[in-house]
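The chains carry the letters A, B, C and D, assigned in the order they are written, with residues numbered from 1 in each.
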Amino acid sequence: MSKYKDLKQEAYEANMQLPELGLVLFTFGNASVVDRSRGVFAIKPSGVPYKKLKAEDIVILDYDANVIEGAMRPSSDTKTHAVLYKHWEKIGGIVHTHSTYGTAWAQAQKDIPIMGTTHADHLTVDIPCAPPMSDEMIKGNYEHETGFQILNEFKNRNLSYEEVEMVLLGNHAPFTWGKTVNKAVYNSAVLEECAKMAYLSLAINPDAPRLKDTLIKKHFERKHGPDSYYGQE
Amino acid sequence: MSKYKDLKQEAYEANMQLPELGLVLFTFGNASVVDRSRGVFAIKPSGVPYKKLKAEDIVILDYDANVIEGAMRPSSDTKTHAVLYKHWEKIGGIVHTHSTYGTAWAQAQKDIPIMGTTHADHLTVDIPCAPPMSDEMIKGNYEHETGFQILNEFKNRNLSYEEVEMVLLGNHAPFTWGKTVNKAVYNSAVLEECAKMAYLSLAINPDAPRLKDTLIKKHFERKHGPDSYYGQE
Amino acid sequence: MSKYKDLKQEAYEANMQLPELGLVLFTFGNASVVDRSRGVFAIKPSGVPYKKLKAEDIVILDYDANVIEGAMRPSSDTKTHAVLYKHWEKIGGIVHTHSTYGTAWAQAQKDIPIMGTTHADHLTVDIPCAPPMSDEMIKGNYEHETGFQILNEFKNRNLSYEEVEMVLLGNHAPFTWGKTVNKAVYNSAVLEECAKMAYLSLAINPDAPRLKDTLIKKHFERKHGPDSYYGQE
Amino acid sequence: MSKYKDLKQEAYEANMQLPELGLVLFTFGNASVVDRSRGVFAIKPSGVPYKKLKAEDIVILDYDANVIEGAMRPSSDTKTHAVLYKHWEKIGGIVHTHSTYGTAWAQAQKDIPIMGTTHADHLTVDIPCAPPMSDEMIKGNYEHETGFQILNEFKNRNLSYEEVEMVLLGNHAPFTWGKTVNKAVYNSAVLEECAKMAYLSLAINPDAPRLKDTLIKKHFERKHGPDSYYGQE
């Protein structure tokens, strides 16, 4: 029996949430979960429809994207996950989807502006949209470079991946992460909802202002940090 | 056994309607129901997913938001509910959601204009959007002040909470209420549908006029007041 | 046992299709079916939620909207149905909904332009939007006058109710009809889909032309008239 | 027993996927599958609701649209399928829908621009929109000419039907195809999703650029051609 059975099961269950939440069509998405103690992560195999996916199909890799266990080819986006796990040490799970509204903003090459408290309950800044990659990066080790495009965007904007757990890749689609893979899945749905609401708000009122700083601070601190009072913990 | 068992059950059932009606994602909403004879209300616990919610998890509080019974922390919006119950004595239930179109109008900081009879069947004025709160109110007792922001908006506009059972909080989201919690839930769905229809009508025809007064009066009186002839009572 | 049992059952089943097709929220709609041989029609009772509706609740009336059989109050829109049955003798059923996109066009007070073959498969002209009624009509016998507003609009535009089986009532919502109530239900769904497609087409290209006459003629005649070759009859 | 039993079953199953994927309302669509060895194809009968459709209802025809087997009248679009099978010899299946967003672009008479990698994962060019047909073609053998309108558009644009497996027919709706009918069904859903995303992207940012060439090439080659590394084969 595989010593990664539980890890595969966790990755399987996270992946299966994506179609349930309406975030993926066909195979357009993938979730992975990391085991920091063993230095490996588990990810969906490439191109397998969710209806046919089984826990034992999940592929185990190290942070350099070498396959450790698994008969199937891993997700084509595997190297992006590997780079993020390698450099952002406190991430426990990563999700990539082509969810409709999030992808529409990515294709528009625009940050999703923080317009209300739904957004501020989760992050204090616009959801960043990294620019499309350089031709050199695209022609090179593409999915590996995609990871660096995200890392660099966070560095350039001076953002913390522990505070901002989501990004749009320009012309491509969203990536989200979190301390656990369930949080990453949750963040994918939050991003999609904020993307839809921001789109509608600006359609209703093109001059609608961004959320003011005091409200951003208040709502974020209700849910996060030492004085949070949301939830049961 | 709890002497609030029935009240908790009623609050539980009202809360469970919100995801069924497509009005909440994850835990982004809450419903409460009041027992006027005992001076308490029952509300959803904070951050508990609807799938896991049980009737016994519901928290009982007085109108000053003191917990009377319940092991869990109440909804983070509890103080807003408390203020409304304390000052609007004929309210039987309150609902708060971040429903997509309602929230989009709140983020746009615009009243939802009365464009048709669907709206006029329920209220005779635009659905009011209260402005975002002052920095002082936000930094103070935020959820408590949120209640006052709603009370003050109704006072300033000279609106009756018995006639207008819904409001948008600017940059935030809708609150609705009613003589019963079921009416409050119903009003949340009505608000969302009116929000979507008004958005679409103005997208189709930016010059579309508001509903004329005779039609507003006629449709409201079909459903409300001494000469109403809608429904079975 | 009621001698109208079958008629009530037919009306019941037609009404139950409306929420299944996503055309009504709560009680915002009603379907009726006529029995020409007996000069009566069967309609949904007013304000009864679809989940609780039973076949025996259906109300039977004559063309002057006098109740012939039924313990419940009929739909508040009953007089509109009665007027249409009285004057348009070949109608077998009528449906009224507040479906989202159809109502948005009604609120925009615009005809739904014929933009493609989906529309032309069903009618050869724009879906007419009757103007809001005069204050006199509204203050008078409102639902009765609503019927005449529809009749007059068809007269003014020189439209045949046998060829054009749908209308928008300005500021209100769609009415559809047909030789059978099932056709009327079908037409309600067709109207909603054409309303959504026309909205999107004009959002994509504000200069998109209406469908040209040869295509209108061709597609309508595929489905209707002596040389039709669509379907199995 | 019919010697086309398996072919009918395959066509039946493909047709039944269309309502499941939300791509057809009522009977507004059809799928067909070809048997190249026997020179026949199997298509949905005309006007039969999906709920009532049975595998044995499927009609078998040759490439000149002569019925070989089947008691029912074939889809009114049958001649279009026949023309495509006759001239594009490597097609295994064809799907026609009136899916909402795809049809909206067709009615707008606009190509669906390639705005992101979701699109580029499937084709390297805009989804072509063929212009509405000439009056002569419409008044003639309409569905037969519809096939030629598609063939000619591909010829004029110098497109390969093996690389670009979808088209919009101006004022009408999408047609898709593939080496198998399942691929054709898949392409219909991909077209609809790309249509929705492109619409939203341009609504968010009217100046959003098309995807740059290096990204188009990269994403297409990940999934297609000798160096593809997507999926399990």
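The working rule: a residue touches a chain if its C-beta (ideal position, glycine included) is under 8 Å from a C-beta of that chain, and two chains touch if they have at least 3 such contacts.
Keep in mind it's a predicted model, so treat the numbers as computed, not measured.
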What are the chains that chain A and chain D both touch?
none
Centre to centre, by mean C-alpha position, how many angstrom separate chain A and chain C?
46
Centre-to-centre distance between chain B and chain A (centres being mean Cα positions), rounded to whole Å
33
Give the residues of chain D that touch two or more other chains, as numbers and ranges in rising order.
202-203
Chain pairs that touch, as defined at the top of this document
A-B, A-D, B-C, C-D
Any idea which chain C residues touch chain B in the complex?
25-26, 28, 45-48, 72-73, 76, 98, 100-101, 103-110, 132-133, 135, 138-139, 142, 171-173, 199, 202-203
For the complex, give me every residue of chain D touching chain A.
115-118, 186, 189-190, 193, 196-198, 200-205, 208-209, 211-212, 214-215, 218, 222, 229-232
